[in-house]
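Okay, so subunit A shows up in both of these, paired with subunit B first and subunit C after.
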Partner chain A sequence: MGSYFSAERFINVFPKIISCISVNFHIVLWSMLLGTILAIFVAILRLKEIPVVKQILGVYISFMRGTPLLVQMMIAFYGIPLVLGNVFMNLFGINLNRVEPVVFVEIAIVLNEGAFLGEIFRGAITAVPALQTEAGYSIGMTGAQTFFRIVLPQAFKVALPHYGVDFVGVFQNTSLVFTLGVVDVLGKAKTLGAATGHTLEGYLAATLIYISFSLLLKGVFLFIEKNMKNGSAPAI
Partner chain B sequence: MIELTGVKKAFGKQEVLKDVSIKVNDGEVVVILGPSGSGKTTFLRCINFLERAEQGKMVFGDKILDLKHVKKRDILYVRRHSAFVFQNYGLFAHKTALQNVMEGLTQVQKMNKAEARKIAEDALSWVGLLDKKDFYPAQLSGGQQQRVGIARAVALKPDVILFDEPTSALDPELVGETLEVIKKVAKMGITMVVVTHEMSFAEDVADRVIFMDGGVVVEEGKPGEIFYKPKEERTRQFLSRIIPQDAYVI
Partner chain C sequence: MSFNVQSFIEALRSAFKYAPVTLELTVITFLVSLVLGTVIATVRHYRIPVISQILGVFVTVYMGLPMMVALILYNLLFMTFYNDFATALNISTPISEINPIYIGFFALILGQSCSLSEAVRGAFRGIEKIQYEAGYSIGLSKIKTLYRIIFPQMVPILLPGMQNSLIGLLKASNLVSAIAVTEIMTGALLPSLLYYSYLESYVAAALVYWIIGIGIEVLAHFAEKRSGQYLRRINSD
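Right, the complex of A and B next:
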């Protein structure tokens, strides 16, 4: 081994590694899309304080917040086919063992985000003053109209900064998926490193890719935050 | 016509309303006076179900309602035929002045946008704020916000407007402009129930004054009677503290 690091090798592996970013994006986008929808339901149901549902959600949230995401991914990956394999086979004719591992990863992240984002949304909804709800009622709006047209848009604004942080967090957490055999950016860096014996170049490439996309995402959210008028435009 | 009878309400062990009955005729302006904690705001909020009374009946137009066991449909009916002006304005923070006024027209009365916009602009110009129509509540002064609140209420063409201390969150300089607008509303002949501490305003616009204390109606009558010839000792006591005595000499 001549040197630990060579620019030539770096240039050689970089395109191969960055081509795997689509895997990370696929995971982030689907997980966040479904996770956000799930989280809205979780937040609303928690706020409604329906007896049995409340306890179930309590357990669900403690579990999701109390165990590492990697563990949840493992459980989803190994557990779901074992427990539900027969059911899916009989009902839909789907063999869960043949399903792409990335699907289980996404299920795990969606469930995880349902809990974390659900708590963020719940906090944001309670942060909207009760007077806003009363004002909606006073002009004759129904409960649903008031919630969706008055409370939720304002809660969205409260939640956005936290949502942005969480989004970047999920993007970085996608690096866990190689543990389950899904080849993403980090996975590619690892396999190339193992194949060539030169690991540093690959990891450097992965680092650069993660940093740039994290900063990019952060920038996008800051931009949205700044440009969202929603009642707090600076005085003219 | 609105008539409430035997309204009772308690927060925990604290009895806030002990058997209150009030009748408001069409086109009448009724002012409710009373010290803090006398239950006047709670009473007002019971009328459009922002607060749920524990007992009592209400005649609202041609409907007879039990205040405690009331159907959702009836609550909506009352709210859609009344409007409420809040002490702290209660404007939708994420909507401009114009959108605030339009919201009820388009969402509740299902008007088309052009029509609603026309009515909303008229209402805003009526309260002298057309030039501020694209401002968000946070960009308006307290007095301006409250005038938008009044425009929002008037634009809905309700049978009755309930005012909950509309000027008590404003600084003294802004009280005048807001009271002027409320007087204009009174002149339109809309039925109004106003909870306020503004005595001279009450004297000017009220057809009837109701004095409440300790969760009961102590006395009611024409403003001239209540202010100058109160029958009850408690009313006299309250007024003497609020109105400087020499004000009457002039």
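Right, the complex of A and C next:
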């Protein structure tokens, strides 16, 4: 057994792998930021129920829910250069075939999150009682004012627990990106394993890193949830 | 380079041929983890000393582990230790003859049991104490109360979440392609190994997954309608 696993190699390999966590967080932060913005638009458009847009969004959400993220990533990776390659070459002089694969991963996750977070936000907005909207109107606020000042802050509180779970989920999903050749935590573990011939230490290090950061993120969101009063009166 | 319909259809055909593998992975994993998850949740609900604490820590930690990492780690552990294990137990099957799908089952079942146990635990909270007392009052034992009174009432509470976890599992089963199991995605990729038509293959795979996903949604919709029937009956009386 000693020949398979050595603590010395593990200690040696651990810092090299954990330094790649920045790649994962880069993906998580960018895709969550853009995904949240997209999701707010999706949620508002879904609630407005505009005839054609509604059906298109329905198909979009159904596709994002029904197909695995890995397949979506691959379609983004192979499909975007094929469809938009010429346009980008002529307009901006960018060769999409030379763009880093991590960009396509982020596009896929942003589109995916747009659907999932969009549903979360939609649920949260509908969870705010209609009474609150009426209260806003009754003191003479316009529709937009009521939405942004009264409904959205309350919806935010409803959505937060789900948002936290989703955030951790996205972090865990970044473990798929190594299949596209992005060197993240798992990708680094794999390359180091291939280079040294000792794979077990690297993967164990990756496992530890993923578990601890997931739990950490979960803890952070629980902390925010606990401490966020958001204008509501303390329970007596 | 453009979208080739011919290779798309070929990929679609190949993907459908391997759909049973994905379905098998999804359905068997779901059923086994439902049982395991219920056992875990019951143990934790009754706070059986030591075991419930161990399970609590295990579930919390294991939920932090991405499925992909788990799969690759188990695959590696299996590859590394199988020979020692086999000689110790006098198993004569060589490692090359063991289907890697079993590693997939193992990883999926473990992960899914943890998340389903959390769902079942939530459902336990949705059932009032009176229901247990009603069972005890007519002389049912603890276990009989559980599976005759408590579990049936948990079904309508659990169903909406089950639909999501079943679709989640369908998508998670896609990851076993990383350990060389041929399922829908790798199946769809087989023709592209000849023609380099990757996009067509992935679109075909997405389509097959989508169809199965919609199928699950329709089934879940029917199940939800049916399972709520007794509630309506009580309310209308």
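We take it that the second predicted complex is superposed on the first by the 228 of 236 C-alpha atoms of A that agree within 3 Å, B and C clash if a C-alpha of one lies under 4 Å from a C-alpha of the other, contacts with A are read in each partner's own complex, and residues count from 1 in each chain.
Just so it is clear, a contact is a pair of C-beta atoms (placed from the backbone, for glycine too) under 8 Å apart; a residue touches a chain by one contact, two chains touch by 3 or more.
Computed from a predicted model, the values in this text were never measured in an experiment.
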Just to be sure I read the superposition right, which of the two partners does A:Ile150 touch: subunit B = first, subunit C = second, or both, or neither?
first
One more residue to check, A:Ser138. First (subunit B), second (subunit C), both or neither?
first
Would you sort A:Phe63 into first (subunit B), second (subunit C), both or neither based on which partner it touches?
second
For A:Asn12, is the partner it touches subunit B (first), subunit C (second), both, or none of the two (neither)?
neither
Once chain A of both complexes is superposed, is A:Thr207 in touch with subunit B (first), subunit C (second), both, or neither?
second
In the overlaid three-chain picture, which partner chain does A:Thr126 touch, first (subunit B) or second (subunit C), both, or neither?
neither
Of subunit B and subunit C, which one contacts the greater number of residues in subunit A?
C
Overlap of the subunit B and subunit C footprints on subunit A, residue-wise?
none
The residues of subunit C that touch subunit A in their complex are 1-3, 60-61, 63-70, 72-73, 76-77, 80-81, 84, 167, 170-172, 174-175, 177-178, 185, 198-199, 202-203, 205-206, 209-210, 212-214, 217
Across the complex, what residues on subunit A touch subunit B?
131-132, 134-142, 145, 149-150, 153-154, 157, 229-233, 235-236
The subunit B residues in contact with subunit A across the complex are 48-50, 76, 79-80, 82-84, 86, 88, 90-95, 103-104, 107-108, 135-139, 152, 156
Flag every residue of subunit A that touches subunit C in the complex, lowest number first.
1, 4, 62-63, 65-72, 74-75, 78-79, 82, 168, 172-173, 175-176, 179, 186, 199-200, 203-204, 206-207, 210-215, 218
